[in-house]
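What follows are several structures.
After this come two complexes, each holding chain A, first together with chain B and then together with chain C.
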Partner chain A sequence: MNAPPGLPGRLLAASGSVLAYLWSGWGSLASLFLFMAAWHALAMVLGSLILPTPVESLQTLSRLLHDPLAWEDIAITARRALTGFLLSLGVGSAAGMIAGISLTASMMSRPIVTLLVGMPPIAWLVLALLWFGAGDGTPVFTVFVATFPVIFVGAMQGTRTLDGQLRELSRMLGLSFAMKLSDIYLPHVLSYLFPAWITALGTAWKVVVMAELLSTQDGIGAALAISRSHLDTPSSMAWILALVGSLLGVEYLLLEPLKRRLESWRQWDESRP
Partner chain B sequence: MNTLPSRYLQLQGISHRFGYQRVLSDIALTVHPGEAVALVGPSGCGKTTLLKLAAGLLDPWAGKVDNHFSRTAMMFQTPRLLPWKRTGENIALGLKALGVGKHERQLRSAKLARRMGLTPADLDKYPAALSGGMQSRAALARAFAVSPDLLLLDEAFSALDVGIKSELYALLLSERALNDSAILMITHDLMEAIRLADRILVMAGSPGQIVIEERIDLPAQARDEDWLFTRTAHFLRCPEIRSAFGLPGTKKENQS
Partner chain C sequence: MISLQHPLWLCPFRVFFLATASSALLLLAAWGLFLTGFLPLPPFAGGAVIWHAHELFHGCILASVIGFILTAVPEFTGVRPIAARHVRRLFGLWLLARTAFALSGLIGSAATVLAALCDLGLLAGVLLWLAKPLWQGSGRRHLAFFHALLALFVVECGFYASLLGGSDALPWLRLTGSLSMILIIIALSRISMRLVNDVLVERGDDSAPYVARPPRRNLAILTLGLHGAAGFWLPGNPLLGWLALAAAAAVFNLLNDWHIGKALWRRWVLLPYLVYWLMALAYTLQGLSSFFPALPGSSSAAHLAYIGSIGLSMLIVMSIAGRLHAGHDLDRRNWLPWSGAILLLAAGARYAPDWLGAAALLLASGLWCLAWFLYLRHALPVLLGPRPDNRAGCDEGG
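Entry: the complex of A and B
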């Protein structure tokens, strides 16, 4: 952060932070390989019918991925998960912020949110099957309903905790409504929204597969159901790898860099919530 | 031009209460252009409430606040810098609100920051990477960036060590002279009031009232340490002030 000001300095700092981000991946890789080793050891004991080794699973996965139909399944699942997630990102963030501004609204919404959080996704899935049948509607709705409370609570907390001191400051400086929003409210609320979005994204990926497994004829969930019925453990493992891999891809290539970019100030401010 | 009565702050018959608790009772006070007024009083006498009323952050329960200054800035007890903005952007925030262009406000805030002892490298840092003293300098710079003709100070220096305090006093006085700003400050530090103010109002009681008014004619720049200690000691012997702060031995001081 001690880079000289001006464009070259900023560029240097930016490329430095990209390198630092990539370099920080070594730690994650090391722990991932340790996990693989443990998995391999367990697979040796149990035999490949019960637990295929990581190499076997990866081989099956690469064979699967040669089939364009598999890519289609992954794309379908990603589309459903992202649609539900984006819906609840938009609706949940907006509704949460509105609820945060009004004390009455936040008091009224609290028990409803508790109810929504406590309701298991599988129960929603049963309802969604009755309402939407076996189409895209069921997984998208289930994802939406499962991720909405997480985002809603994040947005509401962020808005509620905005410091009265900062409100006074913005009044004394005579900030316009647009400036209050862009310079005070949004940066503060974003720091609550981002963790909520990431949690919700993970939930979306889990829930969509569950919904597909029980309700649809295509997507990763349906493929899992088929490989289960064939007692094909390696391809089940391969599908699980595909699922986790696509989630990690979205999170670490999209959300995490965005978060780092927007919250670069936070590395100096670790003591805050 | 400052003799024109067109710019002033006047509080008339101000009373205020929070719920059923009365905090201020019948306060009248005027700040003239270029004048530095200090409100001194013990904690809990309603100083901060009075300043918020003057700033327009609160509406009085009774009475009238007329602020005829064209630009009012405020410096708070804590720096209140936005943690997500670099120090330079924080200083320029008031200028941005006034619609000053990006290049112009960077130039102006950098110039002001240099006078405040902040380097360009400091301006490029986030506030959390600065020391407390540097943050206070930035907060002072932010207040003066809009060239205010009235500056409100809410115990702005109370949390700083003596060295930084005296540097900030000097910066405050020089910027004040440059902008010809009037100042309304509240403090519980008598010596700070005597060092900076042209007029000192002592508040006491609950609900708070102004009990004494004292004028200091020596210009602030001409006040040295010796004068300051003598004057403070003299002030502290005054029985009304002793009772306002709840100091013991009011009678004994009366005899001497």
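Entry: the complex of A and C
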């Protein structure tokens, strides 16, 4: 029998898988560069005044990032988006799982979810402005309410589709609740929850900027509003780049590795003949 | 004239690989002598740079491609190999085209027309022969070879039309460079499936077989094709920079298939792996040179791929197919990794002239010639000699 690997071996294996994960990003990078090429081609047709080239936008972004105030704006936006998202993640996941366990709760929640999904974020924003004014509360609430239904539905679906036979088997084998939770329930529910969380995170980033643009004096959205009022297209594009860049960073450097780790059982399952 | 019974005509790769290595050596030796002024620069149609680039692409590299395709396609599809008399005619066209192009500056447009007819006739002949095996049954999986050669034929038509029309023919040759990269990916994806898996089996590590995944290959081919097309239509445009970076990332993405643990360090895996590395590096530098003018220009970066990537892939393909289809085992002698290393050094030296001056160009030419001299020295007995099992044809030994 092989001895378990020591600490250096484990570290080597861990760094190998980190490297393999980072290397797997080349395909996405190729698509992003193709997107940049398409953007450049469109800018050539429309002219810099309407659509600055990617290089002009990156140069403007680099200039903007030399100003500490820009970092402050990015931090404010990130704080608002993440607060709303985390609130939604906690409440939405818990409520969705509860709704998934009980058929009655699931039936009751269906029209409410339809209502929440159908309500446009801009309508929530108007209400939030009336309730919370021009502070942090408005963007945080708008993000929360816009992302909640996505996570709720993911959690409910994950809980509803748990394999009854597996549950029965675990009962017959007398597995402890902790084992059932970690080996049966959570892996299954998480496989539904993670895509929902990633979609919600993307929505959070989009909604927070919209909310800031219309309701606050700081953050990326407010900066975008200022650049728009100055007809400064390169600055607008630079802020959009900062926004999308931070979203890609959070998704691919934080959520995606976590998702792969938690879903490793699924890969093993799919690799079986 | 060498009789049809000579071992040289046993299999198509023999004469074409010989032509590849000889022309690689002679073309760069002559180029080095022209650069240093030891030989006066003779006149060529379109100028010396056009002659240098065209002869390397359509003389040297195309000969290796034709040798490989005419040998490999019967193996892939199970059809009868091409008859020796046809091989001899195709080689005759190749030789006549090289001679006519070399004399194009002295004789005038008649020689250029003759070179055009021979070069296009050569490609058309290969395409006509390929059409049947590749359009039927299992051969359709290898249609990419046909499409790439057809594209080469069209580009060669455009090149000669430009040359005879008096306009700049260099953009057509840059397009040929992009097509050569695509051909490398098409060919290596097939060769590597066998090579790498053989190494894994040999090491007893075949639990997760190596697969050259088509989506990755298609992305790489798409980006390389877009970069080539944009370079043709919009030379010098920053758009090319983004497309070059996309191509580099797509080629780096191909290497995801190759990270197979310690087997990577075996020569039959490492050398093709380095082909992709060099290609990706060359495109990265081409892309960056669009945005950072302080870097060597895109021509220097492209040569990194021409010398490193194309040179190395020719060396690998010719060393493997050139021995296996002559009934020999794989070559385990040290000259092969040394030749590979010399080609890498030549590629590095060719990238450096903006910093090191003209001496680097000369060094690159010398190293390239040395690598092909080593190949000829070790491969000549195989290419010209009978099979060890005294059989005829292209079957593998054993």
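Keep this in mind: the second predicted complex is superposed on the first by the 251 of 273 C-alpha atoms of A that agree within 3 Å, B and C clash if a C-alpha of one lies under 4 Å from a C-alpha of the other, contacts with A are read in each partner's own complex, and residues count from 1 in each chain.
FYI, contacts are C-beta pairs under 8 Å (C-beta built on N, C-alpha and C of every residue); 3 or more make two chains touch, one makes a residue touch a chain.
Here the structure is a predicted model, which is why all the values come from computation and not from measurement.
**Student:** Which partner, chain B or chain C, is in contact with more residues of chain A?
**Tutor:** B
**Student:** Check the residue A:Ser93 against both partner chains and state whether it touches chain B (first), chain C (second), both, or neither.
**Tutor:** neither
**Student:** For A:Met179 in the superposed arrangement: first (chain B), second (chain C), both or neither?
**Tutor:** The first partner, chain B, only.
**Student:** Look at A:Pro54 in the shared chain and tell me whether it touches chain B only, chain C only, both, or neither; answer first, second, both or neither.
**Tutor:** In the superposition, A:Pro54 touches chain C alone.
**Student:** Help me check something: in the complex, which residues belonging to chain C touch chain A?
**Tutor:** Touching chain A from chain C are residues 216, 219, 223, 226, 230, 237-239, 242-243, 245-247, 249-250, 252-253, 255-256, 259, 287, 291.
**Student:** Going by the contact rule set out above, which residues of chain A touch chain B in the complex?
**Tutor:** 1-5, 165-166, 168-169, 171-176, 179, 183-184, 187-188, 263, 265-266, 268-269, 272
**Student:** For chain A, which residues count as touching chain C in their complex?
**Tutor:** It comes out as residues 20, 23-24, 26-27, 29-31, 33-34, 36-37, 40-41, 44, 53-55.
**Student:** Which chain B residues qualify as touching chain A in the complex?
**Tutor:** Per the stated touch rule, the residues are 55-57, 72-74, 76, 78, 80, 82-85, 93-94, 96-98, 120-121, 123-129, 146.
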